[in-house]
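Here the structure is laid out as structure tokens; the discussion comes afterwards.
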Amino acid sequence: MPRFDLPLEDLQRYRSPRPAPPGLVEYWERTLAEARGADTAGVRCVPAESALVTVDAYDVTFPGFAGEEIKAWWLLPTRSGGADRLPVVVEFLGYGGGRGLPHERLHWASHGFAQLVVDSRGQGSIWNTGATDDPHGSGPASPGMLTRGVDHPDHLYYRRLITDAVRAVDAVAHLPGGDRDRVATVGHSQGGALALAAAALHPGVAATAARAPFLCGIARAVELTDAPPYGELGGYLAVHRTTAEDVLGVLDHIDVTHLSSRITCPTWISVGLTDVTCPPSGIFGAVNAMDSATPLVRVWPWNGHEAGGADDDAHLARWLTETLT
Amino acid sequence: MPRFDLPLEDLQRYRSPRPAPPGLVEYWERTLAEARGADTAGVRCVPAESALVTVDAYDVTFPGFAGEEIKAWWLLPTRSGGADRLPVVVEFLGYGGGRGLPHERLHWASHGFAQLVVDSRGQGSIWNTGATDDPHGSGPASPGMLTRGVDHPDHLYYRRLITDAVRAVDAVAHLPGGDRDRVATVGHSQGGALALAAAALHPGVAATAARAPFLCGIARAVELTDAPPYGELGGYLAVHRTTAEDVLGVLDHIDVTHLSSRITCPTWISVGLTDVTCPPSGIFGAVNAMDSATPLVRVWPWNGHEAGGADDDAHLARWLTETLT
Amino acid sequence: MPRFDLPLEDLQRYRSPRPAPPGLVEYWERTLAEARGADTAGVRCVPAESALVTVDAYDVTFPGFAGEEIKAWWLLPTRSGGADRLPVVVEFLGYGGGRGLPHERLHWASHGFAQLVVDSRGQGSIWNTGATDDPHGSGPASPGMLTRGVDHPDHLYYRRLITDAVRAVDAVAHLPGGDRDRVATVGHSQGGALALAAAALHPGVAATAARAPFLCGIARAVELTDAPPYGELGGYLAVHRTTAEDVLGVLDHIDVTHLSSRITCPTWISVGLTDVTCPPSGIFGAVNAMDSATPLVRVWPWNGHEAGGADDDAHLARWLTETLT
Amino acid sequence: MPRFDLPLEDLQRYRSPRPAPPGLVEYWERTLAEARGADTAGVRCVPAESALVTVDAYDVTFPGFAGEEIKAWWLLPTRSGGADRLPVVVEFLGYGGGRGLPHERLHWASHGFAQLVVDSRGQGSIWNTGATDDPHGSGPASPGMLTRGVDHPDHLYYRRLITDAVRAVDAVAHLPGGDRDRVATVGHSQGGALALAAAALHPGVAATAARAPFLCGIARAVELTDAPPYGELGGYLAVHRTTAEDVLGVLDHIDVTHLSSRITCPTWISVGLTDVTCPPSGIFGAVNAMDSATPLVRVWPWNGHEAGGADDDAHLARWLTETLT
Amino acid sequence: MPRFDLPLEDLQRYRSPRPAPPGLVEYWERTLAEARGADTAGVRCVPAESALVTVDAYDVTFPGFAGEEIKAWWLLPTRSGGADRLPVVVEFLGYGGGRGLPHERLHWASHGFAQLVVDSRGQGSIWNTGATDDPHGSGPASPGMLTRGVDHPDHLYYRRLITDAVRAVDAVAHLPGGDRDRVATVGHSQGGALALAAAALHPGVAATAARAPFLCGIARAVELTDAPPYGELGGYLAVHRTTAEDVLGVLDHIDVTHLSSRITCPTWISVGLTDVTCPPSGIFGAVNAMDSATPLVRVWPWNGHEAGGADDDAHLARWLTETLT
Amino acid sequence: MPRFDLPLEDLQRYRSPRPAPPGLVEYWERTLAEARGADTAGVRCVPAESALVTVDAYDVTFPGFAGEEIKAWWLLPTRSGGADRLPVVVEFLGYGGGRGLPHERLHWASHGFAQLVVDSRGQGSIWNTGATDDPHGSGPASPGMLTRGVDHPDHLYYRRLITDAVRAVDAVAHLPGGDRDRVATVGHSQGGALALAAAALHPGVAATAARAPFLCGIARAVELTDAPPYGELGGYLAVHRTTAEDVLGVLDHIDVTHLSSRITCPTWISVGLTDVTCPPSGIFGAVNAMDSATPLVRVWPWNGHEAGGADDDAHLARWLTETLT
């Protein structure tokens, strides 16, 4: 896997040349306020069908963007038995996946955390199954999610998905056995972007961790790679060439580069230097924009999009245990 | 381009093993009745910005599925000058494209037809631009259009797109200069599927022509190819494996195989024997299900998805001229 | 994913045309007797470093082929607390992987089984890490494992690996908390081949389950696919063309087709009809050679090498729970 | 589509390091004089078989290199009816194509120009059909046209093709309905190279336009890309490695970089920054060598070889209309 | 390498369904008579520059098609010293190669044969260098040689190349040290086709050997493969679709299937069952058309276009030594 | 073939940033001393089966690493007849190949050298056959040779292979007809690395020549390319990410960069600037570390891994003839 991005010393200094879009703070305040003000059935949590023995699984429905119903699994280590409230990991998923079946993601519950596995609306058809509708259409768009709604910041698919992520953190307070004061957001790739965005937009997040996060430096990434999902945007810009600059301006509203400065909690990020799916300079751009927190950054010189993989998972389990205690 | 499907003599006899889904006639009657009953602003037709000299271009908006606004171009040969009404070609577009700019599709107007270039809702981002929203979301789906709404026949994206196609034929009566009694539906690939479906569902279609039509024998195609767009479905079925048979049953509602028997007008179809995008056995399955019309079938042994290309275009221009006179 | 192998009705009848190699029973009796007779340090089991909470992890070393030390993880649900002995899943791994870190494979322990994750000697460098040496060289061979030692049945790499698998079952009796009378062998791909081979060669196996097993119908597979790892053999035969038939005869000694008739315990097998890594006809050849057991066969028409994936895992967890009770 | 060439600010300054070959002016003077002096049957123009209604199509034969017969279509808007002479677009074609059928290229005639679609000798077998022989053999050459005749400037295939292009401009004076004083040369890729070369070599060209032109900075392009057709040369140089420098010196005779300084008419050029077929630095090298004209350069940051596509066509139609009035 | 053609037992019976074109005998008689009647400088043979010690190398020029000069190397084992005349191997080359440098092909001279390495006109730019012009142009053609001149049997490139091959056999009589009564024609791929064609058309050939010969069953091959060089034809037929059948009829004139029945000398052929460059059914079609000789056929089940490679070379050296003694 | 490495002027100055590993001299002294001290059957040389006439072929077995038996061919020009002792070329082979059959490599014997074609232990299954076992296992490793034994310098596969190369030079003294005072080591790719390493480690080597040598600047190469065989290491480092730096330190023991400064004999090296298999900067790093010899470096700007190919062979034959006289 050849190196294709800047040398490491340049990456460590790299800053995005794009300013935050005007009105970004208001955009997100309005978006979240509307979501929280929507009329909903509230958070529902019922036992899930599963043959698991070490973990109790619950089928969760919570209100997301516009109050729409979002699915999740709530996984509690069985031995936790009702005693103390556990620290919580809210886990977001990579592009194309969904919450799947309860037994598919046991990592955090097995490490003693209450784990909320949050479905991704309209996804869950590439590498495992989802269960949440995205009841919003769009204008002309590339196959995939990245270019849906790029005609206006209010139409962006990722506006909805990030709002769902923030509302997932809200939902924790309504679930049994978790400690709402010790909530971490965690994820890989798209899940990492959601983890960081939720930490930026929700003051109740106590720690956040992202492996190879997506949506960092979108305009730069699309210059460096045509791998999906950034490639969806490259294809779109090639066809909609006369509005390309406008589209990039719209996407700035959901670029983690412009949100990360608002993260104040402890932050853990890992990056692979040969990652053509989420190129490292985009991620370093988001890292180097953080001025309210000093993230722990793990750099993997020989890895691509998997970054630190199982080694990251082991490290992060210890880091989160320490950070949330 | 190797041959990969049945030998020609077997293709010429091939019949789909799948029965039409129960209630198919009612399904489409209800769908079209609802669309025609929707409250709309009617068909609008205003001059389009263009530097064309031999063709007058109009920007058309007509009500489609649920009365939603669909864009099109209406192209009239300038010399037609208001005199006689012209025979009409309603042209549907291949997957991923849209109506583009007025000068992009001059074939039929240049051959003396009034030409309606119909946009495809939500598409128009792969090979040229579209201008029509698809304001409907979906459950979890593969990137692309084919698996949107496969949880229920009423949710299918292609239910909406086929309805738009039928309503495009309806719209012709409201446009200047075209002869509503001499309307042909025409298209390539997805456009061919829409042409055939509109001919099956709209009694006012006087002739129909499809080059390498999509949506013919979906269940068979997905056994033969993983090329897009059928590959979208293959990927979906691999993930949603426990509901795969249900999904194929839902898709039967928009499979041309189950509609082609209702075509009664003169029909022209061309097929490439090495077409991995729309495999020939699926197309022959739709051809061999036609018992109310005898289609003219052009077989191109050495061609793929382009089938007869410019040679088909030349042949079809003459065939349509004769057929619509 | 196109279908490329026989139609399903032919697969269900498919029998391998190759006879079992002469002396196969003695070959394996001798091999296992030598392994069991080797002078070793016995089975060692010490607590493993891990942050897991629901599962206790132990670092296991057991004697394999020639008494050589094989690594494994022994994972016990923590709540099992020393009380009853648990049913045991001995899990073998896919090609190129190793036991990795203790937290990487929690499925069976989380479902209430004592789980032995068995390392694969000399592998563990493609998709995760291994920890076991293979201290045997070979004659000229393709990159990879499949053609190592193909000059003589006694030299085959897979002779050693299958022996390790049988000895892993032996080792269970020396591990705390597991019930040696309720041992299942389980795996996917190469792991599935080892699960079946161990069930054939070890009378103490009480149930066995293989998803998309490798090493079934090797000579047929190499006619159908050049995907790795069978492609290693295809490349080897192309170069060593004058000894190709001999090589296939040597490999018959480790082909599951010739071992499966000796399986007498309940057997669960799943197969994907578009699996180019382990083509379905090879697997059906092994299935249809079973005359001492009636395997439960799950056929996935739209899947490749993943076969039933998470759906298989859910089904198998229930099947094993019932079967081992 | 990743960026692979220089950053835009460097492109805008990029100058080819290669000097023009000695004797270049005389080379082209001699070549054109010989062509014009050849004994020929002159320009022939007969009505073409076609069903077109808005355009009158004529089958043209004109004398090219060595007086050899070159085919073209002459397309006149029917309404022009004999009245005024029309401005003329001489259109050259991309690599591998030919004039095809008359209805295949209606763009310029539909915009009110007399349009000459010029066939490419010996080509017309990759994406549509040609009708013109190239009755000249060559020494050893790669498949394709670029390396034919690279042993000597007089033997180059592109010497013949460029001469045909110049003679196409000559032929306009012999065709009905066109205004010889308002002739533009236009094309994409190879067609763009021919348009520019003809403008450089024929003083009667009143405007010229090239989208993503080929043959600009050949020696640089072959360092940057192995895509066809430049890849033909890369493969040739790898085999004929001891004469590689000589070959590049021969090809300098047909490199637009060394001709563009002679263009004095209004010039329109578009370039895609991710174009691996005709890399942007080669094109900017030709642009920046123009010192007798200030080209209008359209830069498309997100496009490849299609550059501005339909947007370019719309823009160019307006620009040419203004420029030729 | 998967099997993709007929099963071996069907291959062994396979006969081409295409009849020989009318007038084929006269076509070749006329062609060869014209070549032999051309006015030429005769065969020239001068010492070549080389550092070889075991072999004396001569630079040969002989008259081929139309008497045009064809280059070759004449390699004589040095120890042969002028004594007896040696048996001769006339070696023809694979597609895209040329005679290269004298030291590149030492096989036959090192085995004690006088070896004539015959250049291929106009080729020699893909895998090594050629030195012979092909001074004939063509009509529109695909990149490469296979479709040059397909408008008429007299224009075919391979008519010229096969004639060169026959004339190479003629030339042997004019070279020092070879025994004109013991001449074998030998080659791989295109070289194999030339070897067989020369044996069919030249009664003085005493033995012939072809490994994986090209030009056998062209019309069938192009249904089975799109690999080059047959893929050149597939691309051509896809574009020139309306004349495709005519083109295949023209190519029948140089198809070995229609010439092999005229071979009467001992014949050696090898074939790889996974050869996608020259599919086995085409070769078996040529083999099974031989009714004047019983070829020795070596079938390699696990090989592609290399067929028996070095094993074939060893076998053939012994077979030729025996056959030519 | 695009340029992907540094510009030539930077290559010519490029020095590896990695220091030689501590104890490197002792490591190799100990390794070679142990090999030479092993108890062996000595060098055996018996006539080989072959039909060659200009060359006498002998089947050689000599003691390599640990005294293990290594196979080779000894090829003598037949005319050399026992008279003078000939200069010797010890030829090492590219990755995946073996000594094959005696007739496969006739280049050096045909140029008047005694030629020793040295087999590569455990290889000889990718592009031709080998005959030598590598009786050493390894820890977990990628498919292929490069990562075998990377846990410790003493375990490295290439420690054994380089030792075999040095011992091949030793063996020459025991073979008939060669002049032990005029021994050159020669090879391409892996063979080039062995040639250089043997020249560095064996004072009796009188000249050495490497085309596109492997194992030069391993740590840099794996940043630039994922082509095999360096790609084996890239894949390994991605999985074994926590020990990646240690692994690179171990591999420094067999990197030619750290050995080339010990070469004192005349040295010939060629390099292709587009070589993605063995990137040029790695090779220049080894070249620029040579301070005891001034290598003749041939740079091929348009070539990949083949570098100068047959042109290099011709040049090298003359250079070696002059150098060894």
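Labels for the chains are A, B, C, D, E and F, by order of writing; each one numbers its residues from 1.
Basically, a contact is a pair of C-beta atoms (placed from the backbone, for glycine too) under 8 Å apart; a residue touches a chain by one contact, two chains touch by 3 or more.
Computed from a predicted model, the values in this text were never measured in an experiment.
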{"item": "Minimum number of chain-to-chain touching steps separating chain A from chain C", "value": "1"}
{"item": "Same-site or different-site touching of chain C by its copy chain E, using the half cut", "value": "different"}
{"item": "Over-half contact-pair match to A-F, picked out of the listed pairs B-E, A-C or D-E", "value": "B-E"}
{"item": "Chain at maximum distance from chain A, centres defined as averaged CA atoms", "value": "E"}
{"item": "Inter-chain centre distance, chain D versus chain F - centres from mean C-alpha coordinates, in Å", "value": "50"}
{"item": "Distance from chain E to chain A - Cα centre to Cα centre, in angstrom", "value": "63"}
{"item": "Whole-Å gap between the CA centroids of chain B and chain D", "value": "37"}
{"item": "In chain D, residues with contacts to at least two other chains", "value": "128-129, 309, 311"}
{"item": "Chain-level touch network, classified as line, ring, star, complete or other", "value": "other"}
{"item": "Inter-chain touch pairs (all)", "value": "A-B, A-C, A-D, A-F, B-C, B-D, B-E, C-E, C-F, D-E, D-F, E-F"}
{"item": "List of chain F residues in touch with chain A within their complex", "value": "4, 222-226, 234, 237-238, 241-242, 244"}
{"item": "Residues on chain F engaged by chain E in the complex (per definition of touch)", "value": "51-55, 77-79, 100-101, 103-104, 106-107, 109-112, 128-129, 309-311, 313-314, 317-318, 321"}
{"item": "Complex contacts: residues of chain A adjacent to chain B", "value": "96, 98, 122-145, 147, 228, 232, 235-236, 239-240"}
{"item": "Footprint of chain E on chain B - complex, ascending", "value": "1-3, 300-304, 306, 308-309, 311"}
